[in-house]
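The structures considered in this document are given below.
Shared between the two complexes below is chain A, which has chain B as its partner in the first and chain C in the second.
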Partner chain A sequence: MTIASSTQFICFIALSAAVAIGALGVVLLPNIVYSAFLLGGVFLSVAGLYLLLNASFVAAAQVLVYVGAVNVLILFAIMLVNKKENLAAIPGLALRRVLSGAVCAGLFALLLRVAFSTPWATPGPEPLGDEATIRIGEHLFSDYLLPFELASVLLLMAMIGAIVLARRDVFTTDIATGEPADQGLIEKSRTPLLLENSGPANAGLEAPLLETNP
Partner chain B sequence: MTLDLTTVPLQGYLALAAVLFCTGVWGLINSRNAVRVLMSIELMLNAVNINLMAFSSYLDGQLIRGQVFAIFVITVAAAEAAVGLAILLSLYRNRETVDMERFNLLRW
Partner chain C sequence: MVTVTAGLQASLLATTTAATTAGVVAPGLDLEASFTDLLQGLGLSPGAAHLLWLPLPMLLVLVAAVVGVLVNVWLERKISAAVQQRIGPEYAGALGILQPMADGLKLLWKEDVIPARADGLLFTLGPVLVLVPVILSWLVVPFGQHLLISNVGVGIFLWISLSSIQPIGLLMAGYASNNKYSLLGGLRAAAQSISYEIPLALAVLAVVMMSNSLSTVDIVNQQTGAGILSWNIWRQPVGFVIFWICALAECERLPFDLPEAEEELVAGYQTEYSGMKFALFYLGSYINLVLSALLVAVLYLGGWGFPLPVEWIVGLTGQPIDAPLVQVITATTGIVMTVLKAYLLVFFAILLRWTVPRVRIDQLLDLGWKFLLPIALVNLLVTAGLKLAFPAFFGG
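Moving on, here comes the complex of A and B:
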C-alpha cells in the first residue's frame, strides 16, 4: 500500500457514501437528466474505489469507457427521447414498489450474510502495486487471448447491430411502382422539425431551407 | 476476527457492492422510463465489477485474474449499452413513448 491506511479508510468511506447516495439518486430522482449526471458521479466514484484497490489500469478503463462513452451515450439517448408524457396511472403501484423493496432488502440481507459468514482466506498474497498493468497485459496475450479476440468480435457485432437498429427504415422496393430500389439508402421522409411552411415536405430538407432563408 | 477500523476489510467492499446491486435491482423493477432501466443495469454491472476487483486485490494479489475479468465485463457492458440504446431508439420511433408499461407487444 502506498498511502497510509487511515487515509485509505477515509477515502473508502467517502467514496462508498458517494456511490450509495448516487445510486439512490439515479433510481429515485424524477428528472432523468439529473439521474444521468449522478450516474456519471457513481462511475467516477467506482473508479476511485479501483484506485484504492491498486488497480490503476482498470480505473482508467472505467473512466474512459463508462464516463466517457456509456454515460455520454445515455445522455444522447435522453436528449433524443426526452418527451414530456403523462404516464398512465397503474393500479397498485405503491404496493408493487413496497413488495419489490422487500424483495431487494431480502436479497441484500442474503448477500450480507454470505459476505460476513464466509471465512475468506485473507490475507492473501501480497498485492501487486504498479506492476498490475504489466500482469494484465501478460494475461491478455497468453491465457486470456481467446476471450480478448472474441471481445473484439463482440464489439464489432455490437457496433454493426447498433447502426442497423438505430437507423431509419429503409425501403428496398419503391413504394409507388413496386420495383426494387436501385440503392438501399432511401430514407423515409423525416419529420419536419424546422420547416413549417416551405413547400413540399418530402422534397428534401436542404433545398427549401436555403430558399426560404432571406 | 478483530475489528480494526484503520484498514478496510474485504467485507466492506462486498457490502458496498451489495448495496449497489440491490439498488440496481429495485430500479430495474420499478422504473417506468426505459433509459432509467438501462442505467439500473449499468449500476448492477458496476456492483459485480467492484466484487471482482475486491476479490482480485484481497485474495488473488499476484495473478490478478479478477481485474482481467473486470475489463471483459466493462467491454461487454459497453456493447450492451450501445445495442440497448439502439433498441430503445427504434422502440421510441415505433411506439412514440419510453414508458415500460406500454411496451407490451409480446406480453400475454
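Moving on, here comes the complex of A and C:
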C-alpha cells in the first residue's frame, strides 16, 4: 500500500466515523443547539468524502450551500427563538421512542440489504477531476434543464412565501384564518426615550427593563 | 492535491496562449520541480521527495500570513496615528515596529477566562472555527505561475465556500458566551456575512466568465500580455468596487463593523473573550483582511503581473526567458508586485476605517440587498453581453 492510498484510507475511515457519530449526535442529543452545530460538522465531513472521490467542485458547493447557507439559517432560527423553557412531558414518550427506533432500524436494515445485494462496479468510472465543473454545466443546461428550472421555481415559491409571511401588514385579514390581521408590530409607536413627567410613566419604562434582566 | 500535473500544465498553457495575443508567457519559477529533482538526485523515491516537499509551502504561507498580520497591525497603528495627527507607537523598536510583537505577547500572557455560565466547549471551538477557514483559504493565493500551495481547479470558488464557514464560528462564539451582546453580535455577523456573500460571488462570477476558469492562476494569466492595460480593473470597474465593498463587509472592517460595534454591543461576539482566544479572533480578522486584499489583487489588479509586461522587458535585455537568473528575478518581482498591490489595498482599508463613520444595520442590509445585489446582477449581464460582442477583449 503506497503512502497516498493509505492516507486516503485513513481519511475515509475518519470522515465516515465523523459522519456516522455526528449524525447520531444530531438525532440523539437533547440540546438543539448542539444538534445544529453537529449537523454542520456532518455536512463538512460529507464534503470531505466528496473531496476523497475527486469531486472538488461538488465538495465546495456542499460547503457553500449546506454549511454556509442551510446550517447558518437553522442556527439563526434557533438563536432568534432560543428561550429556555421546560417543555411539558409528552404522554407515552417511551413508546414513541421505541416505535421511531424500530422504524429507523427497519429503514437501516433495508438500506444494508440494498447495499449488499447491489452488484457494485468496482473500481468505478475514472473521476473527471477538474473538468467536472464543465461537465456539470453542460448537463445542467442540456438534459437536466427541466429539473434545474423546476428547482428555481421552487425557490421562487419559497421566496414569495417568505415575503407574504414577513409582510402581513399588506393584508387586513389573515389569509389562513380570515380574522383581522395583527398590525401591532408595524404601527406600535415607540416609547419616548425622555419622559417629561416623572410619575407613573417611569414605572412603565422600568418594568420591561427589569424583565429582560433576570 | 498539491501536485500540478503535466496534463493540467499543458491545458493551462493552452488557455494562456489562447487568451493572450502577446505570444510567449514566462513559464515562471517551479520550486517544487527543482526541489523534487534535487532529492531524487540524492536517491529518494518520487513519493518520498513529494512527501518532504508538501509541508514546506504550507509552513511558508502560514508564516507569511502571520508576519502579514504583524505588518498590518503596525500599519493600522501608524496610519491611524497619522490620520489623527498623533505619533503612534515609537519606543518599541525603530518607528515602533516591534509594537505588534508586544501586543501579541501581551495577549499570550493574559489569563484565559471562560465565564462561569458559558458553554466551555463551544466557547473554545468558536474562535478556532473562525480562524481555520481563513488560513485554509491561503491555499489558492498565487504569488507566481507555480508559487502557490495548490492550483486546485475550483480555485476561487473554494475561497467563497470556505469563507461561508466563518459565520458558524461567530454564531458559536456569540451563543456560548451566554451574554446578550455577544449573541446579538454573532447574529449580526451571520446576517451580514450571508447578505454580502451573494454580490461578492456574483462579482467573482463575472471575472470567472471572462477567464473561462475558476483557477486563480488562470485568472491572473488571462490578465497578462499588455501589462497594466490588460488588468481586469479596466474591464470590470463596477465589479471591482462591488467586490471591494463586499470584501470589507465580510472582514467586518469599519464602515461595516456592526458585529463588534463598541457603542452598541460592547464588543459583539468578542465581549467575553480574553487572552489567546481573543487573539485568535484578532488574528483571524487581520489574516482575512490581507487575504481579501490579495484576492482583489489577483482578480482585478493582475496578480503577480508587473505594470509593464515582464516578457517584453526580458526581450529588451536579450536574455532567454527561461534562464535561471531571469526566472529568479521575474519570480521575485512577481511576489513583490502581489504583496505591494495587496498592501496598497490594505492601506486604503485602514484609511477608510479611520475616516468613514459606521453604517446602521438597516442601511447595511439595504446597501447589500437593494443596491449591490441588483448592480452585481446587471454587471454580470453586461459582462456576458460584452463577452459575446467582443470576444477578443472579454475572453472568448
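Everything below uses one rule, namely that the second predicted complex is superposed on the first by the 158 of 214 C-alpha atoms of A that agree within 3 Å, B and C clash if a C-alpha of one lies under 4 Å from a C-alpha of the other, contacts with A are read in each partner's own complex, and residues count from 1 in each chain.
The rule is short, and it goes like this: a contact is a pair of C-beta atoms (placed from the backbone, for glycine too) under 8 Å apart; a residue touches a chain by one contact, two chains touch by 3 or more.
Worth saying up front: this structure is predicted, and the values here are computed from it rather than measured.
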Chain A as common anchor, with chain B and chain C clashing or fitting: fit
Partner chain(s) touched by A:Ala60 [first = chain B, second = chain C, both, neither]: second
Dominant toucher of chain A (residue count), chain B or chain C: B
Partner chain(s) touched by A:Leu112 [first = chain B, second = chain C, both, neither]: first
Partner chain(s) touched by A:Ala69 [first = chain B, second = chain C, both, neither]: both
Touching partner for A:Leu154 - first (chain B), second (chain C), both, neither: first
Partner chain(s) touched by A:Val19 [first = chain B, second = chain C, both, neither]: first
Touching partner for A:Leu80 - first (chain B), second (chain C), both, neither: both
Nearest Cα pair across chain B and chain C, whole Å: 13
Chain B/chain C common contact set on chain A: 57, 61, 69, 73, 76, 80, 132
Residue ranges of chain C touching chain A (in the complex, touch as defined): 8, 47, 51, 122, 152-154, 157-158, 160-162, 164-165, 167-168, 171-172, 174-175, 180, 183, 186-187, 190-191, 193-194, 197, 214-215
Of chain B, residues touching chain A in the complex: 5-16, 18-27, 29-36, 38-40, 42-43, 46, 49-50, 53-54, 56-65, 67-68, 70-72, 74-83, 85-90, 92-93, 96-99, 101-102
Residue numbers on chain A that touch chain C, as the complex places them: 2-4, 33, 37, 40, 44, 56-57, 60-61, 63-64, 67-69, 71-73, 75-76, 79-80, 82, 129-133, 212
Residues of chain A touching chain B in the complex: 5-6, 8-9, 12, 16, 19-20, 23-24, 26-27, 32, 35-36, 39, 42-43, 46, 49-50, 52-55, 57-58, 61-62, 65-66, 69-70, 73-74, 76-78, 80-81, 83, 85, 87-88, 90, 96-97, 100-101, 103-105, 107-108, 111-112, 115-116, 120-128, 132, 135-136, 139-140, 144, 147, 151, 154-155, 157-159, 161-166, 168
